[in-house]
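Both complexes shown next keep subunit A, but they swap its partner, so subunit B is in the first and subunit C is in the second.
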Partner chain A sequence: MDVSYVAHLARLALSQDEITRFQSQLSGVLEHVGQMQKLDVEGIEPTAHASPVYNVFREDVELPSLPVEDALKNAPQQANNLIIMPKIVE
Partner chain B sequence: MEYEAVIGLEVHVQVKTHSKMFCGCKNEFGAPPNTHTCPVCLGMPGVLPTPNLEAVKKTVLTGLMLGCEINRICKFDRKSYFYPDMPKNYQISQYDQPLCLDGGVVLGKYAFPKDAQKDPIASAKKNVRLIRIHLEEDVAKSFHFETTSGIDFNRAGTPLMEIVTQADIASPEEAFAFLSTLQQTLSQARISDADMEKGQLRCDCNISVRPKGQLEFGTKCEIKNMNSISGVRRAVAYEITRQIQTISNGGKISQETRRWDDAAGQTYLMRTKEQAHDYRYFPDPDLMPMRTDLGLVESMKQQMPETPSMREERYMRDYALNDYDASVLSSDIDLSHYFEGVLNAAQGDRQKVAKAIANFIINDLLGLLGGADQTLADCKIMPEHFGGLVSCVDAGKISSKQAKEVFVEMFATGKEPSTIIQEKGMVQISDEGALESFAKQAIEANPKSVDDYRAGKMAALNALKGQAIKLSKGKANPQLIGEVLEKLLNA
Partner chain C sequence: MELFFETLTGLREKLATKKVSPTEVLDALKKRVEAVEPSIRAFNHIDWETARAEAAALTPEDLAKPLGGVPVAIKDVMAVKGQPLTCSSRILKGFVSPYDACVIEKLRAAGAIPLGRANMDEFAMGSSTENSADGPTHNPWDTGRIPGGSSGGSAACVSADEAIVALGSDTGGSIRQPAALCGCVGLKPTYGRVSRYGLVAFASSLDQIGPLSKTVEDSARILQVIAGHDARDNTSAAEPVPDYLSGLNQGVKGLKLGVPKEYFIHGIDPEVEKIIRDAIQHLSDLGAEIVDISLPHTNYALASYYIVAPAEASANLARFDGVRYGARVKDGKDVIDTYCRTREKGFGSEVKRRIILGTYVLSSGYYDAYYLRAQKVRTLIRRDFSEAFGKCDAILTPTTPTPAFKIGEKTEDPMQMYLADVFTIAVNMAGICGLSLPCGFAAQGKHGRLPVGLQIIGKAFDEATLLRVGQAYEQSTEWRKERPACA
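Take a look at the complex of A and B:
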């Protein structure tokens, strides 16, 4: 696994030194976790969760939202109740 | 060389619920910006999303109506990417265990654009296969200004279904028919209002062309930004032509995303496909998996409403309506309810009365509504009154010509038919003595027709009948006056 690729996906700017250092650390972590590849999982259904709990839902009921002032509190810039940011170019 | 187009669609549909997908904020279009948000849909750290059962039910219902297989075990996954309309930097979606798999949409003739209904392909009942339907959360809405963009999180976290088709669509008209069928099915089942102009149904089209008969696919382009079904038709038609022209001129199609500009009638390059996105899907640890076999599928099967195509078949079977009438009356749920309401209120032979009502609705009412810029909800004609009018005609109290006049008056005033009939002095003359006097006058005034009739020309009877009805100022019961004439002529 290439550290600079992973860093790009996470939008992290790493120096060349950091890339070298983290590359060996990341490889170590992956190797450690990789031990699980050796387990025999024949006949075991894959699962996304450890506990056998299904169907945790909420009813379709409307609850109060935040006052708009609170919702915008962390916005560096705002206008007309919109959160303003540098122009998004597609 | 002859080319053929290969088209697949990705359709996003906003699910109609009271609250958002994973929090209790109101799911509403058009509220002031950022008034329907909370820590969950703003993506604050440490919050716990919980799925909205209604949205899951409606997705399962959609799957059942479109003949999908409902996955027994499903889960939600995180789709990671950075974009300002996604505050968590991941979207909760479904990756490898979506709610619905397979299924299809059958394209009925009248789902095609009017000018294409005569094409044999419109009668082929083509099945456009689906790959999957999954449930996810919608993203925020962005507005673009001169140097900045503004974000409104009201839409962020509202339930969104994604319906993906196989590349089974071969023309702009089939794309049109697919979307109009889907839209009808979803809106009639109250799953979504599915209005493209409001962004409740959004469609991306993947289009490629290849020499006819070639098995290998051409390079595809993705078209975005259509905001009506006819816009999709225009965009697909434009793009097919563009690709064929490019190839014919020795050029190459590159894999890219293009934006449709409806006013200009053209697609424009948005971006070329750089490296494939790496979304790093993984199961969302905040959300427990779902089992659909613990009652969900069973209860949705019981709630499954009649689809437009099922209703169309029923109208043809039970009321002997032709395919055109049945298709128009079943295309809109409100219109179907109205039709059935009128039918329930009308007396007389079911099939005869149903045909008369269908004629009134399709030939008169829809035109009147269109002319007055009204919808059925504005219509002043109560189903009971409508039914009463049809019964009057069926019982021979007024002629169908008179009934049309009454109908226009009912549309304008909302009055009962009996009131209008009285006001206009329209009562049909069925009294034998009165009819005889009109018949005698007609016979005296038209000796030639009388001779023709006696010489065996049956058409002459109709001419005399027409004269007699004219003499009665249109009030004579057409069937009875015919009988009286025959009696006198054969006497």
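Take a look at the complex of A and C:
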């Protein structure tokens, strides 16, 4: 595994020390999970969820929800009921 | 007896008959917390003032409710309106919950008072509560050892009598494992039994909220209140909630209890094995029929879990990017740099490792070999259990392979840390329920006494049988009366 490449896919910056450490630690983990390759899973259906999952529908009506002020209370930077972010498109 | 030593059941009796008031209970707990918290460090935060105000506002009608006046410690991963919610992570420093989780609404409706934010492994990832931005919690039976995790704060505060009862969450053993290592009762309900609304998601197909308590009956009382369907969690089950107290004292005569041979092999501490064998014999003496069973894919549960859980976590934790809430680095060069460095600064090592592992196993070229294969193994694990439950009503195993280990012992070796959950993980993968309760002590640790937990595994939505077996064992032994060194 190329740790720094995968970390970038996950939008995670790492220090050089972390890259070295995680590289060896995650190799150990991958080696262990590699045990699974010994199992014959031919024809076995995958289980994505422990219980049957199905769509849950409700009437398309407006329900009470969190007021804007409350929803924004934890935003690191905000103004005029909007969250402020660094510019995305120049 | 000091009030903080009370069980939930005992305290309710005193509150209902007005022998004590809810504020007296809070005063007693405060005294206890001040005395032992410096050496245990089970809480990230406690708002005594708000709790006192809530206690004072309880009406006589409230005090007649099932949990009227009972303070409940809450793992720092569930939302309590107006209280901090950090998941023991730097990235959520300063976050204040804008609403109550479903379980908190239900606790309040039953008259309870949420009290304190219990420490945990960051985002519930860990088995020792060492992965906390607030520092580790210490095991009340030996403060040089870990309390287990990730609900280590919840287990330690109950065990040290800093709380009457607590809520935790369990994704791969995070309620049962710390309960076992701290010598208290911990129940992971069936997936879907309790609403996850307001629980910060780690691995959505595995997470479940449950109680940690001093007795089996106390866990039954909490489950009674928090169980049930909730329209805000699409995976919460519409199954009816039975009366968990009425069948509690039925005993184990006529029950078939399975013992899987795969849980008694390599890596298990000989003292733990002996204690579990004795507990099984005790249940046999009480009239249960013990049957040998096999769960042939047990060995693969840990491997498949460490694909599925990090995969789901990497997706769930994408939301912590410094945009809508939490800490954000101020000097990002552009938006991507802001995301990357906010997450670098905000997350601890274990969370980073799991995000990387999860991203890797979901990435193009590796998906089939890892993630899809792990989901197929999950099917085999589920089948193992459904076949086993054709032969028995519940399954008995050790909760953990060893008693509590030393602080710092496994922090640099993630694989060794993961193995602490080897006996609890399959239950989450199958979506069924499990209970851990104290069943003896290993002659290890600073004081020569470290708790050992017996795990009882049940069919989906059959928590009643777990509680019944647990009650029969607990009430015919004396373990529940043991108190840790800090008491």
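The criterion applied here is as follows: the second predicted complex is superposed on the first by the 76 of 90 C-alpha atoms of A that agree within 3 Å, B and C clash if a C-alpha of one lies under 4 Å from a C-alpha of the other, contacts with A are read in each partner's own complex, and residues count from 1 in each chain.
Just so it is clear, a contact is a pair of C-beta atoms (placed from the backbone, for glycine too) under 8 Å apart; a residue touches a chain by one contact, two chains touch by 3 or more.
Given the structure is predicted, the values throughout are model-derived calculations rather than measurements.
Chemist: Touch test for A:E18: subunit B only (first), subunit C only (second), both, or neither?
Modeler: second
Chemist: Return the chain, subunit B or subunit C, that is in touch with more residues of subunit A.
Modeler: The partner making contact with more of subunit A's residues is C.
Chemist: So, does A:A79 touch the first partner subunit B, the second partner subunit C, both, or neither?
Modeler: It touches subunit B, and subunit C stays clear.
Chemist: State whether A:M36 touches subunit B only (first), subunit C only (second), both chains, or neither.
Modeler: second
Chemist: Go through the superposed model and pick first if A:V3 touches only subunit B, second if only subunit C, both, or neither.
Modeler: In the superposed model, A:V3 contacts subunit C only, not subunit B.
Chemist: Just checking: does A:V53 make contact with subunit B only, subunit C only, both, or neither of them? Give me first, second, both or neither.
Modeler: both
Chemist: Using the superposition on A, tell me which residues of subunit A are in contact with subunit B and, in the other complex, with subunit C.
Modeler: After superposing on chain A, subunit A residues 9, 11, 47-49, 53, 56, 58, 66, 71, 77, 83, 85-88 contact both subunit B and subunit C.
Chemist: Please name which positions on subunit C make contact with subunit A in the complex.
Modeler: 94-96, 98-99, 191-192, 205-206, 231, 234-235, 237, 297, 299-300, 302-304, 306-307, 314, 318, 321-328, 332, 334-341, 343-344, 347, 349, 352-353, 355-360, 363, 369-370, 372-380, 382, 412-415, 418, 428-432, 460
Chemist: Which subunit A residues qualify as touching subunit B in the complex?
Modeler: So the residues of subunit A in touch with subunit B come to 9, 11, 47-49, 53-66, 68, 71-72, 77, 79-88, 90.
Chemist: Touching residues of subunit A toward subunit C in the complex: what are they?
Modeler: It is residues 1, 3, 6-15, 18, 21-22, 25-26, 28-30, 32-37, 39, 41, 44-51, 53, 56, 58, 66, 70-71, 73-77, 83, 85-88 of subunit A that touch subunit C.
Chemist: Okay, in this complex, where on subunit B does subunit A touch?
Modeler: Counting only subunit B, the residues touching subunit A are 17-19, 23-26, 32-39, 42, 50-56, 73, 75, 80, 82-84, 142-145, 147-153, 270-271, 278, 280, 283, 285, 287-291, 294, 296.
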